[in-house]
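First comes the structure, then the notes that go with it.
The letters A, B, C and D name the chains in turn, as written, and every chain counts its residues from 1.
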Amino acid sequence: MTALGLRVAVPRWRVDRAGAPLVLGLVVLAGAAVFGGSFAGGRNLGNIALDSSYLLLIATGMTFVILSGGIDLSVGSLLALSGVLTAYGARWGTLSAVALPLAVCAAFGVVNGLLIGRARIAPFIVTLATLLFARGLAFAVADEGNRVYIIPAGLTLTRLGQARWLGLGAPVWLALAVFAGGLVLLNLTRFGQATFAVGDNQEAAELMGLPVARVRVLVYVLSAVLTGVAGVLVAAQTQSGLPTIGEGRELEAIAAVVIGGTLLSGGAGSLSGTLAGVLLLKVIQNLINQVGTLTAYYQQVVSGTFLVVVVLVQLRLSARSARRRRS
Amino acid sequence: GDTAAPAATGSAAQQVQATSGATGCTPERYNGGVPKLDLKSITVGFAQSEKEANPFRITETQSIKDEAAKRGIKLITTNAQSDLNKEIADIQGMIAQGAKALIISPLNSEGLDPALKAAQDAKVPVMTIDRLLTTKTACKDYLGWIGSDFVVQGQRAADALIAATGDQGQVAILLGASGVNVTVDRTKGFKDQLTAKGSKLKIVAEQTGDFTREKGQKVTEQLISANPGITAIYAENDEMALGAVAALKGAGKKPGDVKIVTIDGTKGAVQGILDGWIAGVIESNPRFGPLAFQALEDFYSGKGVAEKTIISDKAYTKDNAQAELVNAY
Amino acid sequence: MTAAQLSAARRPPDVLGLLQVGGVYLAIAVILAFNLAFTPNFATVANLRLQLVQVAPVAIVAVGMALVVATGGIDLSVGSAMAVSAALLPLYIGYGAWPAIAVALLAGAALGAVNGSLVAFAGMQPIIATLGLLVAGRGLALVLADGRLTELFDPTLAGLGNASLLGVPISVLLFLAVTAAAAAAVRYAAAGRRILAIGGNRPAATLAGLPVRRTLVTVYVLSGLLAAAAGVLSTARQGAADPSFVGLLIELSAITAVVVGGTPLSGGRVRILGTLMGALLMQLITATVIQQNLPDSTARMIQAGIIIAAVYVQRGRSRT
Amino acid sequence: MTTQTATLEVREVRKHFAGVQALDGVSLSLHPGEVHALVGENGAGKSTLIKLITGVHRPDGGTVHYRGAAVAFTGPREAQAAGISTIYQEVNLVPQRSVAGNLFLGREPVNRFGLIDRRRMHREAGDILGRYGITVDVRSRLGELGLGVQQMVAVARALATDARVVIMDEPTSSLEPREVDLLLGVVDVLRRRQVAVLYVTHKLDEVFRACERVTVLRDGRLAHTGDVAATDRLALVATMLGRDVDVVRRHGVTTFTDEHRTAAGPAVLRAEGLTRAPRLRDVSLDVHAGEVLGLAGLLGSGRTETVKAVFGAAPVDAGTVTVGGVTRRRWDPAAAIRSGLAMVPEDRKAEGVIPELSVRDNIVLAALPRLTVAGFVSERRRARLVDTFVERLRIKISSPAQKVRELSGGNQQKVLLARMLCLHPKVLILDEPTRGIDVGAKAEIQALIDDLAGQGLGVVLISSDLEEVVEGADRVLVLRDGAVVGTLHGDRITEETVMRVIAHAEEAP
């Protein structure tokens, strides 16, 4: 999807780093104004941070995938699989509880990547298949859900999962660290630049001599492994591995990335936008929860509409600021 | 002990069958002590786990709301829409909103730890209903539990099916949603009971119908197409059973050709007994309101709450369906 | 489009080439052969009929989806459109079956119009625009129906769900008609050219003076309309409107059908008949899994394998 | 020279695409320090030959030898690593990355932690482009710049590596004379560094200015190889076209009529005060029936921006457009087309062809409403229209059902021209209409423009080939920095005056 030079009639899916954070700021302010302490209180903000951390991990990997012009639908299932394997592996100690799920997730990432990068099957279809497969495997490991593996309370892993530092849970810090690493990887390494290029114009990237297939494999491995990390954390938090969790998480992660201004068609976007997107989604969710009087159905109507409105506002803002920048 | 049921509505309310475990959980003992409050003056939060799409959940939530209204207690409710993360966020959100006591209907026996932790930190007692938090400790992680014994429900369903079929023929099981302990327990109770009774019923298929009518219908259609010899169906909830009925009708079967036994006790299923399509329904009573609020009241009044309160579920058969239809939900 | 693809895409027609065009047909053949050999009572008219009846809603939704995908878009809100249409039926059935159906279809079209406008005029990415309606639409349906399943006893509606015309179920006739109409439109109508041109190169289509926005809105409206029709069908067949579950996750099935049928998600190309076959393939897989009584976990893994295999065979044609 | 060992040698390669034998036993050798021109009509197989060398395509037969050994690169990456640097036809860069990012993609300068040193990258990028006279902000998005700049970036990128072989596929197709000079200067440097250069072009001037040897392809076959010095220009054209030298001599190669018409008819198109900050500043123009209006200017002077604004394809802050006496209210291409305008855009890949649609569908795309009966396309009328234009423009296709992306660049351009011509417009805007078009076809298109103008059509012509503007236009508007700096009429239209006006706007009459 190249749009060289043409300045009208191209869908206005331009990237802008200012849009999402601006909207986020507005939403947070509005939330604080309406709900005061119950929203802006330390505990509630801590909850939002914790809740966001898993999504941030997944969305960071997803950003790479989407920037490379792909999509990864398998993350929701991988989250569950990783959790189940964490709990399963916990019987032999923390090391296996972490290594097993990460290794398996990495393997899934490799398979995704090879099928997409080498066999050149559409990412949507490949990861849809892995979505099914990983969920099936999670159920198989959990004996069709008949067995729930419990993580022993004394394990280092559990303590890690529940540790707090400066008022924020360990997952939050880990997610932030991963995010920072992601920023460096994306913006300051050749791999990161190649990721952009592959998503922007794959044919050109190939003709420019970039290792297109390798880049595509790597982004899916990254996405799967980061999802695996999130799965380990979720399991550590809940002290168990459930094969049912994570359904629909892929759409949430994709939404966060796209709200953050990244083009679904690839090639343009930013990780900082993704961070804003993640927080935006979670803050909205939290705010909607604050309105105790909304029934669950209205909550859905409101959050769907809100999503659209937020993106609309963001589009307007970024169109305007892009115009201003150019002149 | 059972108290005599006054009227139709009264007999629909949950009856305590048995209590077990430690009794007498009070604010002083709960998790190292929580503030003793006046139930009338606090906000209570209720976390529903699944969509209020089927009669069970609708009735469950309504019962909690009705009871709160009756007692003049301020109630806030949430619905997790079968999403564990949402339930955790819901519970945390209600605590943040100032709920001082919680009633939760857990989505699963596991996985709510972050929410329970938040409640502990905020010194908010949590009463659980319906599904049991199997690995948690009463009066510490949560206050107590009220609910049915799902394994027993499965066993009673097996008994009912043996009776309805004369203990012969091929059975298909419509499983509930995968990975949910209700499904696991109801399946286990059913199968164990068949073995225990030395039943000659042969299970030829077990496929998930996700607790929904649509999938119950579709799966049944496929199953009877592949196994025309199926003469009995065990559906793990009423919605799937009603889906199965639709499938049987569509395939040109007559009422009674295939014996269906199901669990829940919804109006539709009990009506199904009257119409001859359903052979028996084991009740799973969702009207938790009175008992749940009673538990909170007992807690704060110092009377104390039992660890487990198992309710007695009815069974609907051809014989009592007409009379009991009003009590079905 | 990659350079290597340039070389791979056009070969002299040969057996391999035919196979590539028809990976989905091959997969259907294989799965039919398997069932004929190993599934008892498979080769019956009743069973064939059952599979066709069950696939009807997905097939109808998938055809609409194929058109959207051809423009380079995607419609995640189809399941919610089905739910809204199902939720409306009981509310208006008092005025008679046909008025109720008309209202339901209109609502689907309206949802599509919202999607289309967000994409065409506001310039939103289709996946996000329709994701918003996926969430909000389902909520709306639940609000309308107060979250409940409502049984419907209307004879007209029941007929729509279960009756046959000349021995062919009405729902089957309906999806065949929809497929044929869409295939004809894509092949012979100006609208079809416009859709493909927009999906193939939107700036170019704009510069060629095509009514890009109008076409986009129309396509999303069609998708919403077809989804609503599928909602009516599902409701009719079930004899009950169940807004919480009807059409749940159908967007994924529909997109799978589209892609397995040989339409790339990048837009600009479309295969309507292939889409129908894709839907049929997915249906046959489900049927096989249930009729063979495989456990849920195994079933999912097998599905994954078959999808990959079917697409792999025709990968020269359907990569994005 | 041929006795010396070749750096790169292609022997008897063959390549078949569906319905076309793109290459049929072609051999070619490249020696160190040699600039070797590769010429031929559109679709002759030049780009295909290059793609066979660099591993984009696999040959059906024949071999490629590089530095004495047979090679079979699996892709451009390998070829590049081995020292063969290529500028492919059409700009093949990533539009959403910055200019510097594109220049250095895959070989960004890194610091000692292996992280990209952005500051250094930007500085070096600025230096490199400065050498080619390009002074853009290297951090700006490549896609926001004109095609000419993009082409220069592609050139700079390919030349930034130490390569033994440099292959350029029509590098000058969207460059101005000034940039062409720069590029040929660089080619000269390469020659002196003993690099072997394969140079594809349709501009024969360049062949004679810069190349030692020339190879002519015709319909996938080798038609001629020899020293440029020993080649006669007319003979070269004749070999390319496969016609008799005499025939070519008689008809000539530029087909514009010599005399400049004076605007006789009424103004069919009048644009006034077109303004779009910061690129367009109060541009006004009018075109009369039967007149060819040329727009001249350097890269980025705003010619494309102007015509896009006229066509409603780019927004303006102020300005009006009147066609045939009616002032257009809606600002979109569809309305422009309805009012009688037609435009062939400069970037055929991004804004022109619909690659997955057939030649047939691409041609009739804009004319669909007129071919439609009750929503369905009339097969008969469509076939007639398509046949007419395929014949008239001599578009080389295996069948009208062939996908456009399979056509050679020049033939794609003709398809776009046909798309607009079949609208029977009042005014035709041509932005670089002969970009990448072979001499034969160029002549045909020029004749066509003349012909159309003769029939009363108004034409706006933009071309980076100054000669084309000078010979084709009846009146020339010179733009600089988005403003009109001069108008030239009649005999004042010469390459020299145009260049002078561009350079010193104040001297404009």
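The definition used in the following text is that a residue touches a chain if its C-beta (ideal position, glycine included) is under 8 Å from a C-beta of that chain, and two chains touch if they have at least 3 such contacts.
Just so we're clear, the structure is a prediction, and the values are computed from it rather than from any experiment.
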item	value
Starting at chain C, fewest touch steps before arriving at chain D	1
Chains contacting each of chain A and chain C, listed by label	B, D
Two chains sharing the most C-beta contacts	A-C
Chain at maximum distance from chain D, centres defined as averaged CA atoms	B
Chain A and chain D: spacing of chain centres that average the CA atoms, whole Å	43
Interchain centroid distance [CA atoms averaged], chain A/chain B, Å	35
Approximate Å spacing (C-alpha centroids) for the pair chain B, chain D	73
Of all residues in chain C, the ones touching two or more other chains	1, 3-4, 142, 147, 203, 206-207, 296-297
Residues within chain D bordering two or more other chains	56, 75-76, 313, 332-333, 345, 350-351
For chain B, residues contacting two or more additional chains	51-52, 178
Chains that touch, pairwise	A-B, A-C, A-D, B-C, C-D
Chain A partner contacts - residues on chain B that touch it in the complex	48, 51-52, 76-79, 81, 83-85, 88-90, 92-98, 108-114, 117-118, 121-122, 134-135, 177-181, 183-184, 188
Chain C partner contacts - residues on chain B that touch it in the complex	51-54, 58, 175, 178, 204-208, 210, 212-215, 217-219, 221-223, 225-228, 239, 242-243, 246, 250-251, 268
Residues on chain C engaged by chain B in the complex (per definition of touch)	39-42, 44, 46-47, 50, 54, 142, 147-149, 151, 162, 234, 237-240, 242, 244-246, 286-287, 290-291, 293, 296-297
Chain A - residues contacting chain C, complex	3, 6, 8-13, 115, 119-126, 128-133, 135-140, 144, 202-203, 206-207, 251, 254-255, 258-259, 263-264, 295-305, 307-308, 311-312, 315
Contact set on chain D toward chain C in their complex	16-18, 51, 56-58, 75-76, 311, 313, 332-334, 336-338, 343, 345, 350-357, 361, 365-366, 368-369, 371-372, 375-377, 379, 403, 405-406, 419
